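Multiple structures are listed underneath, in structure tokens.
Shared between the two complexes below is chain A, which pairs with chain B and chain C, respectively.
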Partner chain A sequence: MVASRTERLKAIAVVAPSVGAILLFVYVFIGWTVRTSFSQWRGILPDYTFAGFDNYIAVLNSPRFMINVWNTIFFTAFFLLTTIALGLLMAYILDKGVRGENFFRTVYLFPMAISFVVTGVAWRWIFNPTVGVNAILQTVGLDALVWGWHTDPSRLGTFHLALIPVIIAASWQLSGYTMAMFLAGLRGIPADLIEQARIDGASEFFIFRKILFPLLRPIVFAAMIVLGHFSLKIFDLVYTMTGSGPAFSTDFPAIFMYERTFRANQYGQGAVIAVAMLLLVSVVIVPYLASTLRKEKA
Partner chain B sequence: MSRLFRSSTLRPSPIDTDLRRRYYKHLAARGGLYAGLLIASVFYLLPVYVLTVTGLKSFAEVGISTMWALPSEPTLAPLFRAYERLLPNLLNSISLTVPATIISCILGSINGYVFAKWRFRGSNLLFVLILFGMFIPYQSILIPLVRTLSTIGLYGSLYGLILTHVVYGIPITTLIFRNYYSEVPDSLLEAAYVDGLGFFQSYLRIALPISAPGFVVVAIWQFTNIWNEFLFAIVITQRPAMQPITVALQNLAGSQVVEWNVQMAGALIAALPTLIVYIVLGRFFVRGLMAGSVKG
Partner chain C sequence: MSEQVRSVQRTRFIAPRVERSLITAGHALLVVATLVAALFPLFWVFLGSFKLPADVMRLPPVIIFEPTIANYLTVIRDRFVFFFENSVVISGGSVLLTIIVGVPAAYGLSRLRIRFKKTLMLLILSVRFAPYIIFALPLFLIMSELGLIGHRPSLVVVYTIINLPVVIWLMRAFFDDIPTELDEAAAIDGASRFRTFMSILIPCARPGIATVTILSFIFAWNEYLFALILSGRDSQTLTVGLTRFLGGMEDAIRWGQLSAWSVAIVAPIVILALLVNRHLRRGFTGGLG
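This part shows the complex of A and B:
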């Protein structure tokens, strides 16, 4: 915009409060958290006496944190896989031009409009071992599939089986979102490209595998970023659905941080978990932001 | 394939059977598609079903029957009980969400206008620095936030929560409005400038009048997110009388003394406002959703 200096200064003055607020509430606060993570602060009152890496050592050595790490790895892997697969499948079907598309789209996306607290309450009862899904399985004679769901502390190696209902609930809530992303992508693919392949005798699977999927790859990537950074931060849904679970089987860093900080008043250690979460999320988000910025400039 | 030419004595031509086979195959494929879509719908509506049927059962019935059966004698009593218990928190949520949404919209609009049309040196970098704020895990700012809010006397109050939501809403609202105003042709603003409209006037007279769709998207987005938010709410508001509905619902559902038909009815009440907004204005909600992903 070509404008006089005063007018341009006015524009800068208008965004200054917001920029200032973000600098304080995001960047200064992050620095403050890092400082807390190196402090002796435990108890209600702040104590910023330097404690070196004590808190880091304490957190990294705690068995609970190791469980957190494994839970996050398994949860992220399975959650991404099911959510992207479900979203892609539903978008693919809806894109075939079905009647009532609006209805189906509305149904699949509605979980995004609802609080994780609400859905956590609902899913907790659905997987309740005595009245929930188990009751249905027993009625239809599938007793072999009856088990404790999120109340079952057993595991396969480092994978806690209690994560399965959490993965189902989280996929339920976010697969409609990925569907919407894929649907937008599919709508952008020229129809005559597909038509030509069909005329040339390509099978539906071939068309999907060799034409649609490569074109959708950037969206798969975007979905992985969005879902991945969500799963690293997951809190509300798990906190209301299962809490930490038996033997921390559904525990995640966000819950650990919350309880360490605001329940146990171990602020220094809570800050360590927060810093770890921030680093993990940054690894995912910073390259993504950088690439979008570069694309925009080009 | 007209009926006239098809008699029982005449063998169908090879072309005819081939067409028919393909038609049946097509029908089967279609049937499969719809079956899949319907099964998926059942899966997506399952929690709604559970909440609704349980929320309409009397306590006696929840106690004995399975959760999945329809209520034999539907009753609104659990809904009224839940409403009575959650009413103060429902009002808290309203007095939190409405002002925070309005302030967010205004800030986002003016910020977005500057970052789209009044770029200055370093504005792109600043914009990305702002955007980063929407991806951070809020755990990484929670401790300083609580300290700061208590220093300025807003810890534990709805004002503190409003301030928090407004500040951490700046990235997404600025992003949506920036993308929105990017569509406005520069020539329009240049012409306005030549006509003597300064920064504020060009915003008020040119940008603002065409901003309605942007405001709807941002308002719905912020309303839904703030209404549904849990982490800030549980950390900042400690006293039950001050808590928004999500925290109150979690407390209700976590307590052993409250019957679970009332818990389910409470969940329905908490979900209703955003659900209504979604059903009525869904396409605007989806636009906000997409702004946070594809372009983020």
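This part shows the complex of A and C:
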């Protein structure tokens, strides 16, 4: 079948608006931000005079940016760990067969449909040092577990303890996502494989470690990529839950960027932070998309 | 000897049973624990929305208290209707635009001969994976230039572009599932491509269109970053409305009112979320995975 001229025009006509809008949005805007990052622009009026790496040096030298980097590293590590573990646990529960499976699946997934802003507010109240869980803990005599949560500025090395409540909130919202990924994976494993192992006397733990886990590894990898890129660009949840936290203890690059640009009018430096985030996210996401491109059939 | 054999047999018979019932008990415990963990924050906020400040502050915290709708009345006085209307119009408008632009594109990528399809699909997805904040600065500048800060169209356009990948990826999969024999039969009967698309493929893909409509709506409804930057004073959405009350001292925050706001934001999407539950995962990644 040879595509006629009109056929080709039709194809272009239906696809071009979407692709054009997206390409403009993504690539022109990235270019624009990069250009701003090399400009002298500080203040309300635009100033695109070339300033070399001045803004980059300023941002890299600011203590707040270093805190951002450490917070992102710790947050990403622990958030991935808890979210994947919880997701795996929930998927395992569902896969083993539970009465009312649809109900459970719905409940586990529901947090994903809620605005991060609402999640932030809810957990901010829950971890409020006076009227939140602390009050419950005191009532039941678990005073040892009472502390300042997200209002506590203390840290272990470069790890700010105030990140813990934020990690809990983020994991709460997104473990349903990993659950759904794992569940799809578990359902893809032939049942007789596991049945055979059981007949041969394998323990549940053995089955999990030797059969399920290797089969689930690619899913763990995919979940790490998607959740990892999410944690690198996190904004709404943290911004409403803790803002930057005491002494920037829960500060993240997106919040830093927002405040530098739209509150302090340091457009050049704000753009630098955005570019840094883009580079970080690209390191995670580009190889993944490229491998998807290779696998996906045309 | 025979005694011994019997006892061995008995243990072999009983042991797995005990083990199994222990596993079942542990399993049930896990099920309950995860359920409580998943519902606890929602329950807390829902309950809190009916509490007066005095009940919020009461130590130890109470589960039984005299419920009040005072918080909801305050929410209405806080111009809830204004924010609600903005959210409905902006979300609805962007969804409509996304469907009008995205569904034909998905059809094209499913049925028509287009070069570099795979690359195009990934380019479309790239908007979803980029850190949104990198668009913030140019968007703010353009919208200021156009005088659209504080006007609904700015957010409608942004949400449309960010939702396009979801619509195109999911709808393309839906179209792929419709057998091409249908198209061919229509062609033999003399129907044009456009006619086939409108009167055969669209009706077949209706469940898919419903799904992507809801997913896009939920995204727009929940969005915060662009709403914060572009909405000025006059087109603020519900999420921005909620966060007006977060400034200031931690202990001065009126949790009851915030909870009522939160419930009012979540309530309209509960049913929508239940309808597309299975697809929420793809909604999150923009269709991938």
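We adopt the following convention: the second predicted complex is superposed on the first by the 293 of 298 C-alpha atoms of A that agree within 3 Å, B and C clash if a C-alpha of one lies under 4 Å from a C-alpha of the other, contacts with A are read in each partner's own complex, and residues count from 1 in each chain.
What we mean here is this: a residue touches a chain if its C-beta (ideal position, glycine included) is under 8 Å from a C-beta of that chain, and two chains touch if they have at least 3 such contacts.
Just so we're clear, the structure is a prediction, and the values are computed from it rather than from any experiment.
Applying the stated clash criterion after superposition on chain A shows that chain B and chain C collide. With both structures placed on the common chain, the touch criterion links A:Thr151 to chain C but leaves chain B unconnected. Look at A:Met181: by the touch rule set out above, it reaches both chain B and chain C.
In the overlay built on the shared chain, the residue A:Tyr56 is in contact with neither chain B nor chain C.
Annotation: chain A residues 1, 3, 7-8, 10-11, 14-15, 18-19, 21-23, 25-26, 28-30, 32-33, 36, 46, 89-90, 93, 96, 98, 104, 106-119, 121-126, 128, 131, 135-136, 172, 176-177, 180-181, 222, 226, 229, 232-233, 235-236, 239-240, 254, 257-258, 261-262, 267, 270-271, 274-275, 277-278, 281, 285, 289, 292-293 touch chain B in one complex and chain C in the other. By the touch rule above, chain B contacts chain A in their complex via residues 33-34, 36-37, 40-41, 43-48, 50-51, 54, 66-68, 107, 110-111, 114-115, 117-120, 124, 126, 128-133, 135-145, 147-148, 167-168, 170-171, 174, 186, 189-190, 193, 198-200, 224, 227-231, 235, 246-247, 249-250, 253, 260, 263-264, 267, 270-271, 274-275, 277-279, 282, 285-286, 289-290, 292-296.
Of all residues in chain A, those touching chain B in their complex are 1-3, 6-8, 10-12, 14-15, 18-19, 21-23, 25-30, 32-33, 36, 46, 89-90, 93-94, 96, 98, 104, 106-126, 128, 131-132, 135-136, 172, 176-177, 180-181, 184, 219, 222-223, 226, 229, 232-233, 235-236, 239-240, 253-254, 257-258, 261-262, 267, 270-271, 273-275, 277-278, 281, 285-286, 288-289, 292-293, 297. Every residue of chain A that touches chain C in the complex is listed here, in rising order: 1, 3, 7-8, 10-11, 14-15, 17-19, 21-23, 25-26, 28-30, 32-33, 36, 46, 86, 89-90, 93, 96, 98, 104-119, 121-126, 128-131, 135-136, 138-139, 151, 172, 176-177, 180-181, 204, 222, 226, 229, 232-233, 235-236, 239-240, 243, 254, 257-258, 261-262, 267, 270-271, 274-275, 277-278, 281, 285, 289, 292-293, 296, 298.
Chain C contributes residues 23, 27, 30-31, 34-35, 37-39, 41-42, 44-45, 48, 56-57, 59-61, 101-102, 104-105, 107-109, 112-114, 117-127, 129-141, 160-161, 164-165, 168, 193, 218, 221-225, 228-229, 239, 242-243, 246, 250-251, 253, 255, 258-259, 261-262, 265-266, 269, 272-274, 277-278, 280-281, 283-285, 288-289 to its touches with chain A in the complex.
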